[in-house]
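In what follows, chain A forms one complex with chain B and a second complex with chain C.
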Partner chain A sequence: MITRSLKRITSVWIITVLVLFVTAIIFGITMRFNQGKDLTMSPVGFYSLMTTHGITMIGIWAAAGLVAVNYLLGRYVKVSVSLNVFAFVTTVIGVLMIWATTFIGKYHAGWTFLYPLPLQVAWAKWATPVFLFGLGILGAGWLIWSVGMLLQILSKYSLKQAFAWQHFSKNPAVETPPLVLISTVSLIGIIVSLLTAVILLVLYFLEYFSGGNFTNDPLLMKNLTYFFGHTIANESLYLGLAAVYELMPESSGRPRFKTTWYVALAWNCTLVFILTAFFHHLYMDFVQPVGFQMIGQLASYFASLPAAAVTAFSVIALVYRGRIRWSLTNTLFFIGIMGWLIGGIGAVIDATVSNNMILHNTLWVPAHFHTYNAMGNVLFCLAFFNWVAHEFAGTQASVKSFRLTTVLLLIGGFGFVLMFYLGGAYSMPRRFSVYPQEFTHAAILASLGAWFATVYLVAIVLIFANIIKKCLKVFSPSFSS
Partner chain B sequence: MVNGQAGKINPKFREFNYGLSSGKVCLITDAGRRQFHYNKSNEMREHAILLTIFLVAATAISLFFFFIYRSSLPEDGKGMVNAGKKRLFFALILASVLIILLTVTLPKSPYFLFADETPAKVVYVAARQYSYTMSYQAIDPKSAGRSDTIELPVNQPVEFRVTSFDVNHGFSIYNDRAELVTQTQAMPGYVNRLRWVFTEPGTYNVLCLEYCGVGHPIMRTSFTVK
Partner chain C sequence: MLSGIAWSAPEDYNFSEESKLYTKIADIKLNTTRGEVMLSDLYVKSPVILTLIFTRCVGICSPFLNSLSEDMDNLNAKENYKVLVISFDPLDEVSDMERMAKRYEREDDPQWVFAVTDNIAELNESIGFYPVWDSTRQQYDHDALLVGINENGYIVRKLTGIRGPDALMGVIREINNEFVLSYPLPRENMIFSCFTYDPATGKKKPSLGLLILVLPGILTLLMIALLSLKKQQQSVGNG
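Now for the complex of A and B:
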């Protein structure tokens, strides 16, 4: 049941996410202009901004996926608005704490806060515990929210049905909607990654407050960090895909997707692959057991199989000669699938151990993750935002008004990531505030990247402007649910 | 020869003297060990090949999606015929490509490189914010800071034993054309052993590729291959 209060909190989330998104894009553009020597920042200023940019982007798009799934699950199960509001409050508190550490305390250990860098205090002393507490509050809110959503699914579907296992036999008595299946898989991944974050934070605090009596194991901490970071970033994308499955056919005037045996198989496999692929972040740590490194490449490779052969193929089959009624919503879904696949190619290249030796932590890394985020998951979520905004306003998506937006998005988005790919192919390191002289093309690539990102930003602002008025209608006294 | 045990030395990483005492530190497992001659003189070619593969694949996907989009516009579209067969065919092709790529690339993983060869030189590397110490002798963290001038032989296997005395760093070797040749991580409490054969003489720069704090981009050292 989608209630008025669910619509209102969804609207608040959408506006918050978009405001933070525009702000974080500006942070990113500022960093690229600094690398391009078009403006000059202090190194501390650069890395504080880098930390803020990373944690904000990861946070808002994980939140956006949860918001979308929470709203759409309301079609199938009873959802809790209270938990949603609770998560919003903890998110706001967490973000304010984290931003205070980076902007006031000059904390700059990066969003991955790789052990033991946060403990080598090179900023205000209070910033490290406040950053970790802020992350803990934010994570606790999402953990409770995610567990709540999973329990709500399980109150209607058995665990086997939530995983759609009955679809492995003919004529299943109960149909599990794709949204429920994908939400189950993704929420489990999110919950596991957040629980890992809890362990990680506890270990940090044990060392921080032990007065030197307790020291963590750096390899264990690295594994925990990347398990958490990789999993939450990827599950965010899968939450976005849940919205694609639910809304792409509906917004295109085509029959809805149904769960079949291969859809069920694909998403069950995806859960396994996504929980083991994180090992590819540790390829260059040769003390990691070799078996884990092999699992990392196998999982990274085979994660692409269900993604391409089931999800992407289903969208292509839906669109091909499908007499599609194109709107901003399904256009964003469609481009998002394309961006996701292109980013996936870049990711698979990097997830090959022998390639990783010459690509690890070069600009190839931000290249591929910006591709499947900025041109993939972000577009899935924006499509949901646009669809739900029209639902709030009771209007139909216009067919013509989005062409300029689409062109700006494509030119800006792909131009922006192309500069990263070229930088990666030229061996340029990531996370350098300025580049040494030997990287002769680094500054010009950074400048061009910043200008392309500015074009992308214009497209985002246009989408935002289109959405915000409709979202605000839910607060009108005359609004009817 | 090295054995296959795990590489942990001492969790109290500020106090250890690595590489000499135990013989436990190793990245190379006996399983999968193989003779493997790896010519790395063409770094630029490798980077160019990877970029080309990516750009060709990205262009093909973009054109394919444009074609799919165009096909959706006519009013007389009848949808995809035999979608199930096409999906199965596509999945089989993709799975075959992935298996072939895995078979080709996994043996080239750095964990198996030069595993059966005895290094002509061993270089000890200790990273710290924001410098490297490189020495032919094991480095005592209490007196770290003095580097040897490192000269390595061309076309012979050498081994770097890399650790860190504070946070995670990178140990990333660039040739004089600023092309990344190979790398490993410098992790506190652990020693990563990187084996390599330099096929080109010249000066090689070492940069940090793991974000380690505000001095990250200025952290560097160099050595010579003759």
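Now for the complex of A and C:
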């Protein structure tokens, strides 16, 4: 059941996420302008900003996915508002701690905090433990929240039903809604990734406080880092997809998606493959056993196929020759699916060993992950935000008002990632604060990327302005749930 | 591999190939078989592979230098480098090093330099080389150590023991500023490695690290199984 308190906390989350999103976009634009030599930052300033940008973006869109799923699950199971509030409080504390380390302590080891960088202190000494503690608080809050949501699903659906296994036989007695199936699969992935983060942080602290008596194995630490980082980034996207399955038909005035045997099979396979695809981050680690590298490549192919094929097929079937009532909500879902698929293809290209030899750590990497995040998952979540804001306000989206926003979003978003793809295709390295002269086109591509990102930012601000007014209505004394 | 090991070593003795990496080697005066030079005079002209021996050694020094000399001939590497052999024994003199050069037929080889120095303690400290005098055997316990020094005088690679031509080629490429893959050797305080290597069989075995890697998955499975079981018991109780 969707209560007034659930609406209120959802509203607080949406406003917080959007404020942080706009701020983090500005950080990103600043970095691209610095790479484009339009402004000058110190290397430490650049990498502090890069760390803040990365961790904030990954964090807020993982949280946004959880917020969306938590809200929509309220249609099928009883959801806990207390856990939601608890997660919000831990998120705020975690973000404040992490931002303090990067802006005050000048911590700048990147959001991946790849071993042993956090321990090679090149910033305020307190920043390393505070950064790791901040991550720990964030992770603990989300872990408890995710376990709570899974518990709520399992309190209504049996494990087999939550995985939709009954759909493998004819005429199942109980239908598992796609939202419940995808949420189950994604929440399990998120729990695994957050437990990995807990282990990773414990190992960091063991070394940090051991006074040199304990040293971590770099290979194990890198495996754990990407098991956590890759998995949470991908599962966040699947949380957004859960919202697509639930809301896209509804917001288009079409019958809702149903779980069939192939939908169930696709998402069950996705759970397995997504947990093993992270090995593709370690292709360059020559001490990694070859077997793991093979698993990495195969899982990357298989992880992208079932969910993407089934979702693309379902969305095309929904849209093709159908009478669609287009609104900002389903437009964002539709563009988001495109962005996710384009970014996914970019990811699979990079996850192929022979290509990775060329593309590894080039701008191709931020190209593909910005595509399926900024033009994929972000749009899924914004679509949910827009839909829920209209629900709070009791209004219907106007058809004409979003055209300018959509045009700005398409030009700004795809123009922004195109500059990254071109940089990657020319083997320009990622994570350079300023490019060497040998990369003759790097600065101009960065500068153009920053301008496109500014156009994207304008679109986001327009969406934000539209959503925020409606979200604030839930705090009005006259608001009726 | 080692003529002496840790029982007689001081507390800071270790076999790490990572200690002192990327630090500058002491620029000391050398008395070579061809005259006096500063160490920096050698490495600014061409990167250096340095090895430390003593001429009265009845242990590792001879097989180590034999192996090094043979590997250098077999590799016939085109890269620019010099091999610098320094005695760390204060009793050794230039004449001892001349005899040693002749023994390995390197006395006229411009790529090889044999030397002694009055500043051996400073040199040893700068590269993390700590030989220990064993008065019973009248011998030093010491590593068989190769140190790669680039043209700026930085230690960029260290090899302990007789390691064969591939590892040696890695040092030659590294001191010539090529990127060479490397990985820290397992240490006593590194208990969570993914694999352990058994030198007796030459095989790798899965280790504690792999268990840690699969632990999150196992914990999640256990948690789901537990929740599911609890729900089943509740259903039976209610039914």
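Assume the second predicted complex is superposed on the first by the 481 of 481 C-alpha atoms of A that agree within 3 Å, B and C clash if a C-alpha of one lies under 4 Å from a C-alpha of the other, contacts with A are read in each partner's own complex, and residues count from 1 in each chain.
In the analysis below, a residue touches a chain if its C-beta (ideal position, glycine included) is under 8 Å from a C-beta of that chain, and two chains touch if they have at least 3 such contacts.
Please read all numbers here as calculations on a predicted model, not as lab measurements.
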{"item": "Contacts of A:F163 with chain B and chain C, given as first, second, both or neither", "value": "neither"}
{"item": "Chain B versus chain C as contact partner of A:Y372, first or second or both or neither", "value": "neither"}
{"item": "Residue contacts with chain A in the superposition, chain B compared against chain C", "value": "B"}
{"item": "Touching partner for A:Y71 - first (chain B), second (chain C), both, neither", "value": "neither"}
{"item": "First (chain B), second (chain C), both or neither touched by A:G110", "value": "first"}
{"item": "Chain B versus chain C as contact partner of A:F227, first or second or both or neither", "value": "second"}
{"item": "Partner chain(s) touched by A:I188 [first = chain B, second = chain C, both, neither]", "value": "second"}
{"item": "Partner chain(s) touched by A:D217 [first = chain B, second = chain C, both, neither]", "value": "both"}
{"item": "Partner chain in contact with A:V287 - chain B first, chain C second, else both or neither", "value": "both"}
{"item": "Chain B versus chain C as contact partner of A:V353, first or second or both or neither", "value": "first"}
{"item": "Doubly contacted residues of chain A, that is, touched by chain B and again by chain C", "value": "215, 217-219, 286-287, 289"}
{"item": "Residues of chain A that touch chain B when the two form their complex", "value": "43-44, 47, 108-110, 114-117, 120, 122, 215, 217-219, 222, 262, 284-287, 289-290, 293-294, 297-298, 301-302, 304-305, 308-310, 313, 316-317, 319-324, 326, 334-335, 337-338, 341-342, 345-346, 349, 352-355, 357-362, 421-422, 424-427, 429-436, 438-440"}
{"item": "Partner chain A, residues of chain B touching it in the complex", "value": "6-8, 11-13, 25, 27, 29, 31-32, 43, 46-48, 50-51, 53-55, 57-58, 61-62, 65, 68-69, 71-80, 83, 86-87, 90-91, 94-95, 98, 101-102, 105-106, 108-111, 129, 166-168, 170, 172, 174, 178-185, 187-194, 205, 207-217, 220"}
{"item": "Chain C-touching residues of chain A, taken from the complex the two chains share", "value": "147, 150-151, 154-155, 158-159, 188, 191-193, 195-196, 199, 203, 210, 212-220, 223-224, 227, 275, 286-287, 289"}
{"item": "Chain C - residues contacting chain A, complex", "value": "181, 183-184, 186-187, 189-195, 209, 212-213, 215-217, 219-220, 223-224, 227-228, 231-232"}
